[in-house]
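Structure incoming, see below.
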Amino acid sequence: MPQPSTTTKTTLSEPSAMPDVQSRADHRDLAIDRVGVTGIRFPATLAVRDSQDNNTMATVATVNMFVALSAERKGTHMSRFLELLNEYRDGLSPDRVMELCRHIRDELDAERAHVELSFPYFISKQAPATKREGLMDYEATIICESTSTLDDVRLGVTVPATSLCPCSREISEYGAHNQRCLIRAEARFTETVWIEELVEYAEQSASCPVYSVLKRPDEKVVTEQAYDNPKFVEDIVRDLATLLEADKRITWFHARSENHESIHSHNAWAEITRHTGPENDLNA
Amino acid sequence: MPQPSTTTKTTLSEPSAMPDVQSRADHRDLAIDRVGVTGIRFPATLAVRDSQDNNTMATVATVNMFVALSAERKGTHMSRFLELLNEYRDGLSPDRVMELCRHIRDELDAERAHVELSFPYFISKQAPATKREGLMDYEATIICESTSTLDDVRLGVTVPATSLCPCSREISEYGAHNQRCLIRAEARFTETVWIEELVEYAEQSASCPVYSVLKRPDEKVVTEQAYDNPKFVEDIVRDLATLLEADKRITWFHARSENHESIHSHNAWAEITRHTGPENDLNA
Amino acid sequence: MPQPSTTTKTTLSEPSAMPDVQSRADHRDLAIDRVGVTGIRFPATLAVRDSQDNNTMATVATVNMFVALSAERKGTHMSRFLELLNEYRDGLSPDRVMELCRHIRDELDAERAHVELSFPYFISKQAPATKREGLMDYEATIICESTSTLDDVRLGVTVPATSLCPCSREISEYGAHNQRCLIRAEARFTETVWIEELVEYAEQSASCPVYSVLKRPDEKVVTEQAYDNPKFVEDIVRDLATLLEADKRITWFHARSENHESIHSHNAWAEITRHTGPENDLNA
Amino acid sequence: MPQPSTTTKTTLSEPSAMPDVQSRADHRDLAIDRVGVTGIRFPATLAVRDSQDNNTMATVATVNMFVALSAERKGTHMSRFLELLNEYRDGLSPDRVMELCRHIRDELDAERAHVELSFPYFISKQAPATKREGLMDYEATIICESTSTLDDVRLGVTVPATSLCPCSREISEYGAHNQRCLIRAEARFTETVWIEELVEYAEQSASCPVYSVLKRPDEKVVTEQAYDNPKFVEDIVRDLATLLEADKRITWFHARSENHESIHSHNAWAEITRHTGPENDLNA
């Protein structure tokens, strides 16, 4: 993993003899939990699982970056966040987000730093019958926090899928209402978990996955698969929680689904959050 | 209809001898199509159809207001838009939006004024079998434009409903994919059309309406009704267009549906816009 | 405070001999933290502070409602949330949200219920010099949670205001960059705190409040007031936290500001969350 | 420019003897203006202006694709849109969007096809005094329409910038309210116009550009530059329109600005749309 260059401190030193208002003392005796910058869009580069050639995928992340500010300091140096981020302008990769996070903690002289990335992630997927290829996009997040004693990472992904209502199916002569749902799987882990694995867990928990390209033979498969596999929003999160709990690498998870009910204008929602490994102070 | 009070000009006269930068001449020889204010939230009061007691309903509108600015004038007086709007602070009603629009044209000394309102509109709806009551909300819009020769009004509403795919139904042994769709009906007319009427047209064009409260006997009804009534997104907009075309009060319409496909992460979309009565220059 | 009517249980009993899939046993041994419905829009009625005639204000809330579901139960009865909400169709008032929350816990036979409301709140405000009136809107939230041993309420409001940068002012010959910021104040309390009070705390913490109507003499006042009162995003949240901390009714607060920097396309952000009174298990 | 391969028709033939519901006749005698798919996210690859090595930039586009549907046909084949898009999965480039558009018109046997792309575009920008580098992102759009007689392309970009109020500056003893504005420049042209050029036109029309990284000497420059260069929202769109009108490659433009007023919670808005070259039927 590339190391922050030793000249970085020099780079970030303030460029002039102008008054440094931010560095003045503050007398309100109030530490700030988080101060930083939000809503930055930035290129990101991601490793692709199972790639024979160490392929990467390019995407665009929305980035938020924060530090804790001690009570005695008037302000943080906001421009440094951007200067540090800019060192990754050829594409910030997920495995370097924690490096950036530590880098920020260092350069902004803070007890704690926090970086959030959210970005579309693409997976090529074959239709179930015709095997036609199509690109699916999933919204993924990486949240890193770094203190002097602990590094904490959370990986998450939101997966569109089909849910079909067991009650509607059972009480109706024919048909059953179904709809798009957005399943969210988020995890902390001790060994690498791939975004693709979280996507698979979420899709296994739905009535049926969704696809980009579906020809008629495929449409028949997904229609019948959803009907054969009815799930309440409660079933989806319980099945997802069961899969995440069984994965020994995972020490904490959040399982959630929001179903865009086709018979209502409101949504159905369920969520389960659990520690499944040893807790630490940032997990708590 | 209430008339602007004769003291209004006084109200809106500028309050001091300060320089009036906006009123200076401009030399770029460029008229501005629209200048104004956007994103204002404001209380609105609406008449309820078929109310025995002339009942009204309170809601909150998002308001945009614009005028055309002639080439020789440097700027418009933005504060006047807000002062004029504020005269309706007890609740702007749809039938007074055109009054506000003319008022703006007058007070800002413009050739053309334009006011847009968008607001949630509530209709109480009974479940189809148990007749349990529930409140449905629909996003409605009123768009008014006023020139010296013409007043133009467009009324629109977005209606959530169920669509069920005819292809999926026909090729599958059992089941059929269905989903929430958002149907949009927008019209110009010669005689009053109620929001409730546009909602009914949209719901008749779907596979089935959606409801706020559905008990099990209701859920059976809507599941089977949708299955009995399959519609592509193309069918929905054609059926809606047919209903709007047949209404002799309507002189122009826009019919649209966006279906949140339960088997894809993308949406299906169709739209038809037509003049069905005499055109005028603002319709064109 | 009005009590749920004694006939409610009857109202919510299931209407038929149809199979009740939701009530079946579940064997995955996983309780669900929250299950419910989201994204409902509903009329709300609010008391106005200092009103001589007990005036109320009408607005529209977005509502989310949840319960905790025990491990042995397959599903909750989603339609009951809507039936219970519908009893407040003449306008849900903030002081009855906890009543609704308890009602839900009861009728859905849950250990815990949770209701969230978010709605625009209007306050009439006079321009600082000309005293012209204009209606300001603020996004307010009420979050209630009810268990068998505890009722917990959080009130919050997001307040647009002006922030002017102290550093820019100090280092520049003339001018200073300023921008709209969104200040968030959220609190738990032992005695009633009004939305108006949280708005005032937030506005006092900014460089200057914003207004709906400003004539030229007013614009001079706010321009100079902001310049006389420069604040970093850090200053805003510290000043807000100081005010909230000093209010003896408040036992917990969250103070936050997001500044839409006029010299960047990203935002500056700061937040402080503190317990200032005795903690309880839901506060923790 | 690469040509659609001759085997495409084969690729998109329907894969089975299943009933083809979409291809059936329709008897409502209503052509559909636009039918298609919306909300697809897809990788895009863009050429970088002035790149010595023909460098490209990777980004993610949101894509909408439509065709006109004749009155006699029941439905379009939605899956073909996705299959055609998927041929560009290594990164759709702007100069190939029209190719995709024609491809769609062909394969869906339509009179007219329409493709819309919107994506973040990155430009590295140096701070004005310290020359520190930072990456700015701009939201760009490409809209293509193809008929048997005409291809039409519109390129657009939304540019965040600083606007400083001339009135506030003139009437105040010190200071002037300023804010972030979002300037939109959109154009049709006869010869290639780069996104970078539209960005430059927009930034020249503002009181001052915004930057990603600004150190104190830079902040002094932009604060004073904005103060030296006050602009109403009307001035911004007129100055932008003047620049676009003077560019002889451009035949049509839309110039717009939305200013997020720092002294209000609403926005100021102005827009100018003009034909400056020969019109054609799609421009009209």
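Observations on the model:
Each chain carries a letter (A, B, C and D) given by its place in the written order, and its residues are counted from 1.
We adopt the following convention: contacts are C-beta pairs under 8 Å (C-beta built on N, C-alpha and C of every residue); 3 or more make two chains touch, one makes a residue touch a chain.
What you see is a predicted model, and the numbers here were worked out from it, not measured in a lab.
Comparing the residue numbers each copy contributes, chain B and chain C share more than half of them at their mutual interface. With respect to chain A, maximal separation of chain centres occurs for B (centres as means of Cα atoms). The centroid of the Cα atoms in chain B and the matching centroid in chain C are 28 Å apart. Measuring from the averaged C-alpha position of chain A to that of chain B gives a distance of 37 Å. In chain C, the residues touching two or more other chains are 18, 40, 82, 137, 167, 171, 212, 214, 216, 220, 265-266. For chain B in complex with chain C, the residues that touch the partner chain are 14-16, 18, 20, 40-43, 57-60, 79, 82-83, 86, 89, 91, 120, 122, 124, 130, 132-135, 137, 212-217, 220. Looking at the complex, you find that chain B touches chain A at residues 136-137, 160, 162, 164-165, 167-168, 171-180, 208, 210-212, 214, 216, 219-220, 222-224, 226-227, 260-266. If you check the complex, the residues on chain B that touch chain D are 18-19, 21-22, 26, 28, 30-40, 64, 66, 69, 74-76, 78, 82, 166-167, 170-171, 232-235, 237-239, 241-242, 258, 265-273.
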